[in-house]
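The two complexes that follow have subunit A in common; it is paired with subunit B in the first and with subunit C in the second.
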Partner chain A sequence: MTNPSATVVPDERVSARRGRRAAGRRNDGPAGGSRTAGYFFVALYVVLLLALGIAPTVYAIALALSAPGGLGFAHFVNTFNLFEFAPAFEHIFEFEGIWLASQTIFVVILALIVHTLTRRVSTAFRFVFYLPGAMAGAASVVVWLFMFDPNTSPWAFILHAFHYQLLANTAAPGNLPVLFAIMAFFTGAGGWIVIMYGALNNIPQELIEAAEIDGSGAIQTALKIKLPLIRKWIVYMLVLSFAAGSQLFVEPQILGVATVGEVSPQWSPNQLAYNLAFQYDRFNDAAAISVDLLVIGLLVAVLLVWRGKLFEVE
Partner chain B sequence: MLGVAGGLFAVEGATSAAAKASSKPLIVWIDTSRVAYEKAYMAANPHANIKWVIYNGNANGTGVLQSKFALWNRTGWPSNAPDVMFDTQNYDAVQLGTAPYNDLLNLKSDVPKKVLNGFAKGSLAACTTPSGQIVCLRNDSAAAVLWVNPGLYKQFFGTAAVPTTWAGILADGQALNTAHAGYLVGDIGDAFDEDYYLWGNECPLDQVTGKGKIEINPSSSNCTGIANAIDSSGDMGKSLSQTSVFASSFNPNKVVMMVGPLWYGTAVFQTGATGGVPTGTMTAYPPPAAVNGAHATGALGGGLWLVSKHAPNQKAAAAFAQFMATSPKIQKVGVDAGLPQYVPDEASYLSSLGSVFGDPSTTEASWKTAASEVWTGWSPVPWSTDAVWGSTALANLTANPPASFASQLLPYAEGLANQARLAGFTVKSPVSAVANGS
Partner chain C sequence: MLARRYALRLIAMIVLLAFAAFFVVPMIWLLLAPTKTDYQIVHESPFAFGSLSQFGHTFHKVITYQGDLMVTWLKNSAIYAFGGTALALLAAIPAGYGLALTQFIGRRALLGITLVVMIMPATALVLPLFLEASAVHLIGTVWSVILPFAFFPFGVYLAYIYFSSSIPRDLLSAARIDGAGEWGVFRHVALPLARPIVALVAFFAFVADWNNYYLPFVMTYDNSQYPVTVGLQILISSSQVFTPTASGSASVEIFRPDLAMATLISILPILIIFMFAQRTLVKGMLAGATKG
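On to the complex of A and B.
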């Protein structure tokens, strides 16, 4: 959806444009041999994209729109009227709000701080930040189960401070968005810090030196020079994270099994779709919810790309 | 008895003949607790051509069978689909045996009538579809009894008789709260506790009244009666444990008494195991009378044997399921943790319990009583009543201090009603929030 090469920092883009202009029309691409190789590799990807990305999406849309008398929105209306529908979306919006806000703030601040450290120290920090992200998905949920259970957690004293004595207390319905946000934060933040650090490294050294000569302090440089230059990366992070977060499934599903049902099997929209399809054989209704999620993800992406001027070339 | 033995040999013969006739093995799915069955079966039939596959027993709300069946009904049944399945969820059989699934074999034609009649009264309720098909065989009873540690009971209550009512249990709990804090008369910390407190008190929250119709009435005095009794005792969080009975921090040696299914005897009190109670400690007493005076109890678990309609050799598959559910080679102590529901097996099962539990004759009689007292007004439905209790009431009852039990009835009933509507049921209730949705 997003092409990272479109978000290179201005300086690079300028030189690339200059290079292209210099090359002129006679030689507007690489040599023939490597062009064939390029098509070959892209073709491989296109085949996979069609088979595993586009086809299932088209199938879901077709399932969702097939109503008794032809095409229609019956399945969208059906699912919208389910009692579990609104709470499921409230749950993920609450989760996304907490997660995206904390992830954006901490990732940006930590990346800016790490960028001011000497290379050796910052490498160590980036590695440490990245470590929790190496344990993703189901494995991380299982580890977090132990962390959240006051009987097994190494941080039990923190849980006790909240008067939590049992896993059932920690996993109380009101806490769930926060718990999932914590899990998602530690899984994803490290990787994004590494990416933001890469973006910060792309800022030309002359620019920062010029700012320093003009009397800009470290904080001022960070806020006024570096932050605007990595803004597009932040938008990029939000677009991808929002889409991933709206499809929350593994975390509530496993926590639900571990607590014998304290997390409703229809907690998130994705779970609701799964439950409809595989507990009640209502594939069309499940597809309608999947399409809802797709539309929401696309809308948010379009909004962020447009407001964040992600593809704009100044 | 002779007839049973004859049938038994015929079954074993049929299975091995079927196995020899075709190279395709019978595919049997069991959960980890049923591995003992596999060993017992293979010891009895060493040459049987069976492929044993371990799965989660379709554990609470995971819907493994539902998801696979739904997909296979769309794409065609693969050759490695299971022929016979052990299922730990009582609601599964009727759901998978009726539309839109219709995937289970009607055992009426393949299992002799005499054998079907040998199952305890009412025990095949979860196996009977609205149209009268028998789509599973019941493995064991999981009726709730009152488990008592007579040693502790004598220490705290002297020669007083063991309680026979919920009020009696809760009153003993009050005595322990102050005089012997830490000792328990029950549990409030698990997602399945409503199976004892509500089901066991004939609280009508799960009563299917016809195809696609359910009645849910949290305002019934059967529900409020037990809820108010629990609240006014003040036992929750004290002598009613907020810690799950399966948590590592749960100490079975602190249990003076506890209402729970038959299999708690070995599984929860861990009789004879490290950290558990010594062999011969726990004695089962009859389940307490409901607050309305009825002799009723709830149940949790117990298993079902399902046979796939898509099995290539339906006769052999049905014969296998019959063998597992009825043979004394399987339905015996050390293999099956619950009381067999096939009545001809019960006597030898109970008599061989021997020294596992204290007072064998009381335990035997109580198990039989409980198995016949399970209230049939709590119907098998295609959603988990435990999961709804877990997501509505559990967090509030395990909070410190706990919320009142009575305040959980309405949200629980609303949760059940929403699940029922999701499954396409029509909900009838005198409480408008339950009938019309919140």
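On to the complex of A and C.
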């Protein structure tokens, strides 16, 4: 769900920023080397960026805007009027609401607790939380099919409390946002706990000790000292998770296959776009939905880069 | 005061253990399920251990399912993930170096674009990529999956951070004074120092590529091309466990232990990397701090 590649970024950035500040004093900005050398080093990446980042984006926009008489928003209107369109986005937003709220609360609480443990114990817990990240994607969905099936689940006692007898009961339409939130939390939370832990470790020990000398209890220190100092990583987690969550595909797709018709094949916007393209050959309409999703991702990305001040690269 | 502190500590421990259970139980279940028969999985305790011989039997059944379908899927996953990771490294490491340690027109713009595309989820581009790949007749070839994997802006960013913070510029200048060309400076001075970041980028690229579902799902169209992530869905749809009507074109029926075994096999390479790469990862993570 959440891009596992996000995991160590903050540690990297925090430490790297420090390094850079030190480097900056010695030397302003990148130096050395001729310009041609610079172009040479970035050449392959720029080719890939143009061919696989920019070109498909432009192509999708062109397809989405192409109309019989020239350019227009016909395909956006078409898809907007589909009866699956609004529910697909509602599903996503409901899922995001549940997932982001619970992830934020639990990740922060767990990171704060883990940060108070001895090094060895905290390493063990972080590893346990982080390991499910290895299953991100299809594998975790398959495992959770069994966890949600009252016939096989180690959590059957909880499912029975809701009077669920079959996987299809657990996977009732109203429950799906919660189920997907659980799956996303399972594979994604550990990485974020590691990040928050890294961020907490960057808080100067003297600051925490000073608070304790002043009589601050564990909870007070956590809320008044630690939390404000990791706030920007929490925002970073929220924003990045939101962008990733809007792209939900594999979870409803596989759950749909497993429950045979219980989950709409158009449950998420990405699935809707996929089906428009491959079931109905409506590629322009599919491109319009892709553009909708791209715009959401782009807005979030731009917001984070230019407003979030998380990437003070230079 | 002391009592309150102990109570707090106790609550914290309970919360911690409860979440540890949440994360660990599914993984333990996955390890135990293939040791049991389908009947045992449904009727015995979820944490009961079956037998090693049953585990072996299930492994054999999954590996030989429809000839060597599972092996084909794994091979495809490996081709896509290794190919994608290799190309991603080839592009990202020099690019990170160029962005950090050389000066050229458009450098800042390239850095900004890299940050934006790095944050945008890659899935948003899958359908547009399909249309593009289909326009240039790449659909159904390994390149339709490998090339999109090769574009890995996050790797460029990591390499950029590393080179701009951890490589002493004086060292590079010294090499230049000694008459080394720009490529020579990169190849013989910077690259040997960049091993931790190469490992880190390789780790993230490989894990993301191996676990990717949506891109190969769209780009490939039959069993001979699917990676194991898509293969898992094929197994579920041909299993009578979830789809009672699935007569299964296959002669061998797929039950719960088989699905669990297939899942386990599918994540094995990543699990191994996760367990053994820890030291490299920590090194990579701390690398940026060494010059701080």
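We take it that the second predicted complex is superposed on the first by the 251 of 314 C-alpha atoms of A that agree within 3 Å, B and C clash if a C-alpha of one lies under 4 Å from a C-alpha of the other, contacts with A are read in each partner's own complex, and residues count from 1 in each chain.
Please note the rule applied: contacts are C-beta pairs under 8 Å (C-beta built on N, C-alpha and C of every residue); 3 or more make two chains touch, one makes a residue touch a chain.
Since this is a predicted model, take the numbers as computed values, not measurements.
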| item | value |
| --- | --- |
| Touching partner for A:178 - first (subunit B), second (subunit C), both, neither | neither |
| Touching partner for A:41 - first (subunit B), second (subunit C), both, neither | second |
| Of subunit C and subunit B, partner touching more subunit A residues | C |
| Which of subunit B and subunit C A:261 touches, first, second, both or neither | first |
| Partner chain(s) touched by A:195 [first = subunit B, second = subunit C, both, neither] | neither |
| Partner chain in contact with A:84 - subunit B first, subunit C second, else both or neither | first |
| First, second, both or neither for A:165, with subunit B first and subunit C second | first |
| First (subunit B), second (subunit C), both or neither touched by A:286 | second |
| Partner chain(s) touched by A:152 [first = subunit B, second = subunit C, both, neither] | both |
| Which of subunit B and subunit C A:109 touches, first, second, both or neither | second |
| Subunit A positions touched by subunit B in one structure and by subunit C in the second | 151-152, 167, 257, 259-260, 277-278, 283 |
| Complex interface listing, subunit A residues touching subunit C | 3-5, 7-9, 11-13, 15-16, 18-20, 22-23, 26-27, 29-42, 44-46, 48-49, 51-53, 55-57, 59-60, 63, 106, 109-110, 113-114, 116, 125, 127-140, 142-147, 151-156, 167, 186, 190, 198, 217-219, 239-240, 243-244, 246-247, 249-250, 253-254, 257-260, 270, 273-274, 277-278, 283, 286-287, 290, 293-294, 297-298, 300-302, 304-305, 311, 313-314 |
| Of subunit B, residues touching subunit A in the complex | 59-63, 66-67, 70, 73-74, 100-101, 189-192, 242-244, 247-249, 382-384, 386-391, 394-396, 398-400, 418, 421-424, 437-438 |
| Subunit B contact footprint on subunit A (complex, rising order) | 82-84, 151-152, 163, 165-169, 171-173, 256-257, 259-266, 275-281, 283 |
| Subunit C residues touching subunit A - in the complex, by the definition given at the top | 5, 8, 12, 15-16, 19-20, 22-27, 29-30, 33, 41-42, 46-47, 87, 90-92, 94-95, 97-105, 107-108, 110-132, 135, 147-148, 150-151, 153-154, 156, 158, 160-162, 164-166, 169, 172-173, 176, 182-183, 185-186, 200, 204-205, 207-208, 211-214, 217-218, 229-230, 232-233, 236-237, 242-243, 245, 256, 259-260, 262-263, 266-267, 270-271, 273-274, 278, 281, 284-286, 288-292 |
